[in-house]
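Heads up, there are several structures right after this.
Shared chain: subunit A. Partners: subunit B in the first complex, subunit C in the second.
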Partner chain A sequence: MPYNIIVLIKQIPDLELIKINKDTGAPILEGVPYRFENLSKNAVEAAVRLKEKYGGKVTAVMFGNEKGTQVMKEAYAMGVDDGYIITGYTESNPRFTAKVLANKIKQIPHDIIILGNQSADSMSGMLASFLATQLNYPLLSNALKIEINDKTAIASEGAEKFVADETAPLPCVISVTQETNEPRFPPVMMIMKAGQKKINIEPLNLPVESYSKVLSKMAPKSERKRIIFEDMDKGLPEIVKVIKEVVK
Partner chain B sequence: MKALIFSDNYDMAKQIMGRAMQDSQFTLMTTESNEDLLYFGAEKVIFLKGQPVYSCIGETLISEFKKGYDFILISSTTIGRDVAAYVSSKLNLDYMPEVFNYRFDGNKLITKRFSLGGKVVLEEESDAKILTVTPGVGEGIKSERKSLSEELKIPDGPIKVLAINPKQSQGVDIEKAEVIVSVGRGLGKKEGLALIEQLAKKVKGEIAGSRPVCLDYHWLSEERQVGYSGKKVRPKLYIAIGISGQIQHIAGMRDSKTVIAINKDKNAPIFQECDLGLVADLYKAVPKLIEML
Partner chain C sequence: MDFKLSPETESILNMVSEFSRKKIEPIANKIDSDEFDPKGLFREMGSLGILGITVPEEYGGANLDYLTQGLILEELSYYSASIGLSYGAHSNLVMDNLNRNGSKHQKERYLDKMSKGELIGSLCLTEPGAGSDAIGSMKTTYNKMEDEKYKINGSKIFITNAPIADLFLTYARNGSIYSAFLLERADGVETPKKLKKMGMRGSPTGEVVFNDIVVGKDRLMGNEGDGRRIIMSGLNSERAVLAFGPLGIARRALEDSINYSTSREQFGQKIGDFELIQERLAYMFTKLEAARLLAYKAALMTKEELLDPSYAASSILFASETATEITKHAIMIFGGYGYMSEYPLERYHRDALLYEIGAGTNEIRKIIIGHNIQKKRFK
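== the complex of A and B ==
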């Protein structure tokens, strides 16, 4: 039985390329390119695999900005059929993001909504549950395996201390993690085709909601000594000395 | 201040109670069953029985909260985060995720959390009433007085649990270790662990690892993963071998007293986060180090 699947994707600044201003401790974000958020890729992979197994359609929705077209093209290359970017994202606020996404989701036919369970930048890990609660759908969280049986989703939830096999009626929200799958590298043909495909871009039509006032945003101070040896014969004796001070 | 705490993790339940004790009276709700939790200063401990489904746990929290609490503290675990967003939505109360430090300032709450994957600390003022808190937020303090004890059945909901398979635990607790020898992907192969074990023995340390080593390759068990999504450790000595030092890893070992790093790439970020570093192939350096100890 074919399913309408919506996958939610996020773009984030390339964290490895963010430098810290040595004088102020503030991060320098200007010029840092965006990239596909890690677990969003696992989400796309999970969505496309369900389509390949059961048939249907995968629609991607991103709350981001115009620069998100590159990430959306990557999602197309991985097998996403249709994509929407809602522009106007300014800050991490999963409750508000859930509201924006829920509004869009209601306009698209869907049986299953898939997303990553914790994004690599803010790591709040709350979007999936906010979204499910706002849509009044059940959430199968941190799903390691996903199967669909007629009108029921079956997933094994990987919690810290156990794995629970759970079922929920469709429509439902499913969040995935790094262990869920290995995202594919699309073949060149798919990448070329994806470049030509239309991306639907829509401006945000809700007032932005903020939930905090930022008092400071700075790199934690590192008091490390940073004594680095490139010569093993010099470095090892120093290491031995430090170890012996601690381990008597 | 009166706090309602939820945790599905014994250690974190103790840590959060330790923090709450500083400025609040509190009740603990937990899916754990260890009766030790009755001796950490809670007025009342409510042991939740039944299937651990986030929305159903959320409902029990909401009914308890309505009896008169000021805020809710929830441990940041897979289930905890889902419960927190559920409760925040249903009660329409502000929230703050991943808090590692908080204090009250009049009616406002001042919190600290990491952002940009751990690169920066955000200090924020908010009206948040529902917080998810990360490991290390406090330290459990034993109390003479025994808490009242209650049992409550988690109600059923649309999600059915068919089976629960506990993950095997080897019972190691790297959070309590004084010396940690931690390995990363640079190890290259599982067989390399033999060498690391020899070193760990010499320095009387526990072995830990980065996320790829624990989660992707399963060379080590998950309970040995250090980092943002793993354990937060604070040993006297942390020896990082073949670990690049990505921010998510640093977030778990930042509070170590002394850090030694061995990595063959002199530009590896771990060299910015260590006290003593050696640029070398671990398979050359570690055998020599063992010999010298």
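== the complex of A and C ==
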């Protein structure tokens, strides 16, 4: 039975290229290119695999800005059929993001909504539950394996050493982890075809609401004492002493 | 003029880069030290659609240009020069050549499987006694037999991919007539020896022997007598595309050097703060960017209607010399660590030197350039 699947994706600054301001500890974001957020790729992979198994359609939705078109094209190249970018994203505000996304999701036919259990930049991990609440759908979180049986989703959820199978009636929200799958590398021909496909860009049509406020995002300070003991025999007891003090 | 690539090309390169980071980078040292067999990687590159990048879609390709092929080769070479070289031999030297000169039947027989990485290709030109004088001194012969069949005898040497290849695009002569043949391993082609090399150790190189190989007319590529033209045009696109190999090696050596210079401390400060290190870095960057510009231009100029061999020859001449210099500077920046096999710097240098020799030596490239620029100006 074919399903309408919605996958939520995100673009983030390339974390490997972010430098930290030495004096303030703030990340330097100017000039850092944006790329496909890691767990969003796992979500797309999960959605496309479901489509390949059961048939149907995958629609990607992103709350971001116009720069997100490259990421959306990469999602198309992985097998996403249709995509919406809602522009106007400014900062991490998961509850508002959930509201914006829920608003859009309601306009698109859907049976299953898939997203990453957190994102590699802000890592709040709150979006999936906020979204399920907004839509009043059940949430299957941290799914390692997803199967659909008629009108029921079955997810194997990883919790420490255990794996639990959980079910939920459709429509439902499913969050995935980086262990869920290995995202495919999009082949050249899919990339070429993705370049021709239309991306729907829509401005944010809700007033921005702030439910949470980011007070500070600074690199943790690690001040090394840089104590060097040159004499091995005298140094060892000194090091033991220092360690004992710290452990206290 | 801006140097922006199309979003599709950017996406293809992102994909190749991510693939290489996950699948090649972790084994890059092993590829060199264990003379790793890249056959499995060919299958993976096939499923990504990068092997047939310049051949039409009906043969599993993407119908893209030499610049894209070169950029893919650069990206692979950034992680492993050996894999880049084997890719170039298969994808450009054999597939692109076959696509330009082969019959419909030949393309159908080989190209789709080569796009998927199911068949690996190898181009056979150089012989033990025929290096730079590849055409004049060629000793591999063919004879036309009564029943329209051809018998090929001779041997080739320093052939990239030969030990793992299934298809051998081979040049042979009948007196002063040169022709190209598509020979399969099953026809009796032998590859007795895998050769030991200074660098490029993960790209298998070997000897190829043709002992009374008899094939039908369907294995002749183009017409009898087309060999000379096919060799020359093939070498031209080969040079334009392979020039991106040394670019990839040099880019890696420069990036590693920058990372090291900004982290290694001596005399209580980062070594990158010393002007003698900065001088090396500045020189490396400038040469690399110059080599890149020439490589882009030569790749875009390499089209049938614009054919001017001086561009492709100067591109790989400059890129290969640049990579040799840059990788040497990188070793010097790393000092003792640069000389150790535990670090990849000495590998970059060993790998880079190949490009001053393979695809026609730098001496031959200079002769081509010197000859052609005079012909153009004074004609």
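As a convention for this text, the second predicted complex is superposed on the first by the 216 of 248 C-alpha atoms of A that agree within 3 Å, B and C clash if a C-alpha of one lies under 4 Å from a C-alpha of the other, contacts with A are read in each partner's own complex, and residues count from 1 in each chain.
To be clear about the criterion, contacts are C-beta pairs under 8 Å (C-beta built on N, C-alpha and C of every residue); 3 or more make two chains touch, one makes a residue touch a chain.
Source: prediction; values computed, not measured.
Applying the stated contact rule after C-alpha superposition, one finds that A:95 touches subunit B and leaves subunit C untouched.
Of the two partners subunit B and subunit C, more residues of subunit A are touched by B. Legend: residue contacts after superposition of the two complexes on their common chain; A:87 is shown touching neither subunit B nor subunit C. Contacts of A:103 after superposition on the shared chain: neither subunit B nor subunit C is touched. Of the two partner chains placed around the shared chain by superposition, subunit C is the only one that A:195 touches, whereas subunit B remains out of contact. Of the two partner chains placed by superposition, only subunit B is touched by A:236; subunit C is not. When both complexes are overlaid on chain A, the residue A:65 reaches neither subunit B nor subunit C.
Touch criterion met: A:125 reaches subunit B, while subunit C stays clear of it. In the superposition on chain A, no subunit A position is in contact with subunit B in one complex as well as with subunit C in the other.
Against subunit A, in their complex, subunit B makes its touches with residues 8-9, 52-55, 76-79, 81-86, 88-90, 94-98, 110-111, 114-117, 119-128, 132, 157-167, 169, 178-179, 203-205, 215-216, 228-229, 236-237, 239, 246-248, 254, 258-260, 266, 271-280, 284-285, 288-289, 292-293. Taken together, the subunit A residues at the contact with subunit B in this complex read 13, 15-16, 18, 20, 26-27, 92, 94-95, 117-118, 120-130, 132-134, 138-142, 154, 157-169, 178-179, 211-220, 222, 224-230, 232, 235-240, 242-244, 246-247.
Those residues of subunit A that touch subunit C in the complex are listed here as 35, 69-70, 73-74, 77, 185-192, 194-195.
Those residues of subunit C that touch subunit A in the complex are listed here as 6-8, 10-12, 14-15, 18-19, 47-50, 53, 57, 62, 64.
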